[in-house]
């Protein structure tokens, strides 16, 4: 609940309403005045309390009452917020402008009270809106949201690696080794190395293959056959596989070069 | 481990579990993630509708707020739940609530705008309280000398007030007390 | 507002709401507060038992933990829930990436080859990560003393990088050229 001026407490005793006359015990005044949110709030209070018509404010009355409050504040040396003094000046100005004779033709638009009335009405609307928002049910207050427990398991996905990441890494390797000239590998050579892996993999499961089984003359084009042949030669050169032939023109067998 | 849900019943179960265990509202995007983004938004909306109906006569209700969907206790249980946590929610001062109302209804506004409406200086502490609650944030600067910050309410504010959008706030006209429409 | 619950159904409803909306387990003491301490603990325990059974074939289960009772998602749903808050995408270390690159470009290679090229010892952990990912495997041994394993990249690696064959890896000449361009 928003605290209103009417629920001010002085020395533990609740004052439910402002005294009818303007006499306020000096130590109470401070509490009352602090309960007002500012000069607009005080003015609104005076208007509503005395049932004044906000659209036709009797400026003399309102100004007098307002000034009396402000003087009391002054009298008890309450540190006067500048806002209150500014409002006094404005009220007096409006009052004096209303005393001046006004030309008939601009009557309505030129009511010196117009700006003040607009501000008071806007402030009052905001004040009520604030109260309404304050009363609305809110999460953490009247609204309880579901928040049952669940076992958190981590769903860590493996890191993603792009082709760029990979080539960047390779580039770094090369840069550090500064071995560009010795390690130039073109597309053709990479295919050879890939086929080396493929052949090794096949031999791991099949153990021994006929040389011709390594080549699919029907499926593979000439370039692939050449690459595959180069891979076999490179594997043999690196001592990774062994080729055997029992007799001339008999089948050549390829197997992993193992000591067993 | 459950395999991917195969029928609407299983799909609604997955949604129900997610909504009952999430303390934040779940957006449609969030809920699509539950199904590895293999569910159409229209299907999802249909399932949510059904789930809402499934819970119609029950203790919780499925509601839609600004950032998504959530289950919340039906209001009739509030009194009981309040007994669990008797410490009352911190109440905000009038200054805080009026500042919030101005930001909610007049956003985006600068501190100057707020001071103009309230007729008093804005205590920095007031803005801090609202920002810490994640009800208000800075959405830009007004292009005038000093480039003052423009404040607006957040989606979280709407969520906390059980609203889908600002339009659901009570109309400002309801708060104009004068019988005669102001015509100044 | 609901009046005080009059039958066990209503009492269970109050318990259900409280348990579903509480982010902490509720103790028997807590739950007695819900009924303004006008409920016997034995009655409460009986109601909790019934409530547990009511949820038997459903998405959540009522469990008792050290500090009290709570509803929790049945384990089969946790995989779905994990998708809501994916952990941050981890990244491979530089050592892993460079080792992978060397294996990709120079396969089949031994650990010794990799160490020679990188100039540092290969952490066993690095090879394990690549093998666990099924990106690299052992395709043979080099017939030298110690018979070191020969590593090569797998088909799975090509699939994951969206390559049809290693020949699609950018050729090294491209690097040399760009190096020259950078030097300009």
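Which chain is which? They are A, B and C, in the order written, and residues in each are numbered from 1.
By our rule, a residue touches a chain if its C-beta (ideal position, glycine included) is under 8 Å from a C-beta of that chain, and two chains touch if they have at least 3 such contacts.
Note that the structure is a prediction, hence the values are computed from the model and not measured.
A.B. asks: From subunit A, which chain is the farthest off, judged by mean CA positions?
C.D. replies: Max centre-to-centre separation from subunit A belongs to C.
A.B. asks: Would you mind checking which chain's mean C-alpha position lies nearest the centre of all protein C-alpha atoms?
C.D. replies: Located nearest the centre of all protein C-alpha atoms is chain A.
A.B. asks: Please tell me the distance, in whole Å, between the geometric centres of subunit B and subunit C computed from their C-alpha atoms.
C.D. replies: So the centroids are 32 Å from each other.
A.B. asks: Centroid from C-alpha atoms only, then distance subunit A to subunit B, rounded to Å. What do you get?
C.D. replies: 14
A.B. asks: Cα centroid separation between subunit A and subunit C, in whole Å?
C.D. replies: The separation of the two C-alpha centroids amounts to 26 Å.
A.B. asks: Where does subunit C touch two or more other chains at once, residue-wise?
C.D. replies: Residue numbers touching two or more other chains: 17, 20-23, 60, 71-73, 75, 77, 79, 81, 83, 86.
A.B. asks: Identify all positions of subunit A at which a residue touches two or more other chains, and write them in rising order.
C.D. replies: 144-150
A.B. asks: Along subunit C, where are the residues that touch subunit A in the complex?
C.D. replies: Residues in contact with subunit A: 17, 19-23, 25, 60, 70-73, 75, 77-79, 81-83, 85-87, 89-92, 94, 97-98, 100-102, 104-108, 117-119, 133, 139-144, 147, 150, 152-153, 160-163, 165-167, 169-173, 175-176, 179.
A.B. asks: Write out the stretch or stretches of subunit A touching subunit C in their complex.
C.D. replies: Its residues touching subunit C are 144-163, 165-177, 179-180, 183-187, 190-191, 193-194, 196-197, 200-201, 203-204, 238-240, 256-259.
A.B. asks: Which of the residues in subunit B end up touching subunit C in this complex?
C.D. replies: Touch residues, subunit B against subunit C: 1-2, 13-14, 16-18, 20-23, 26, 30, 33-36, 59-60, 71-81, 83-84.
A.B. asks: List the residues on subunit A that touch subunit B in their complex, please.
C.D. replies: Listed in rising order, the residues of subunit A that touch subunit B are 1-3, 37-41, 54-55, 81, 83, 87, 111, 114, 117-119, 121-134, 136-150.
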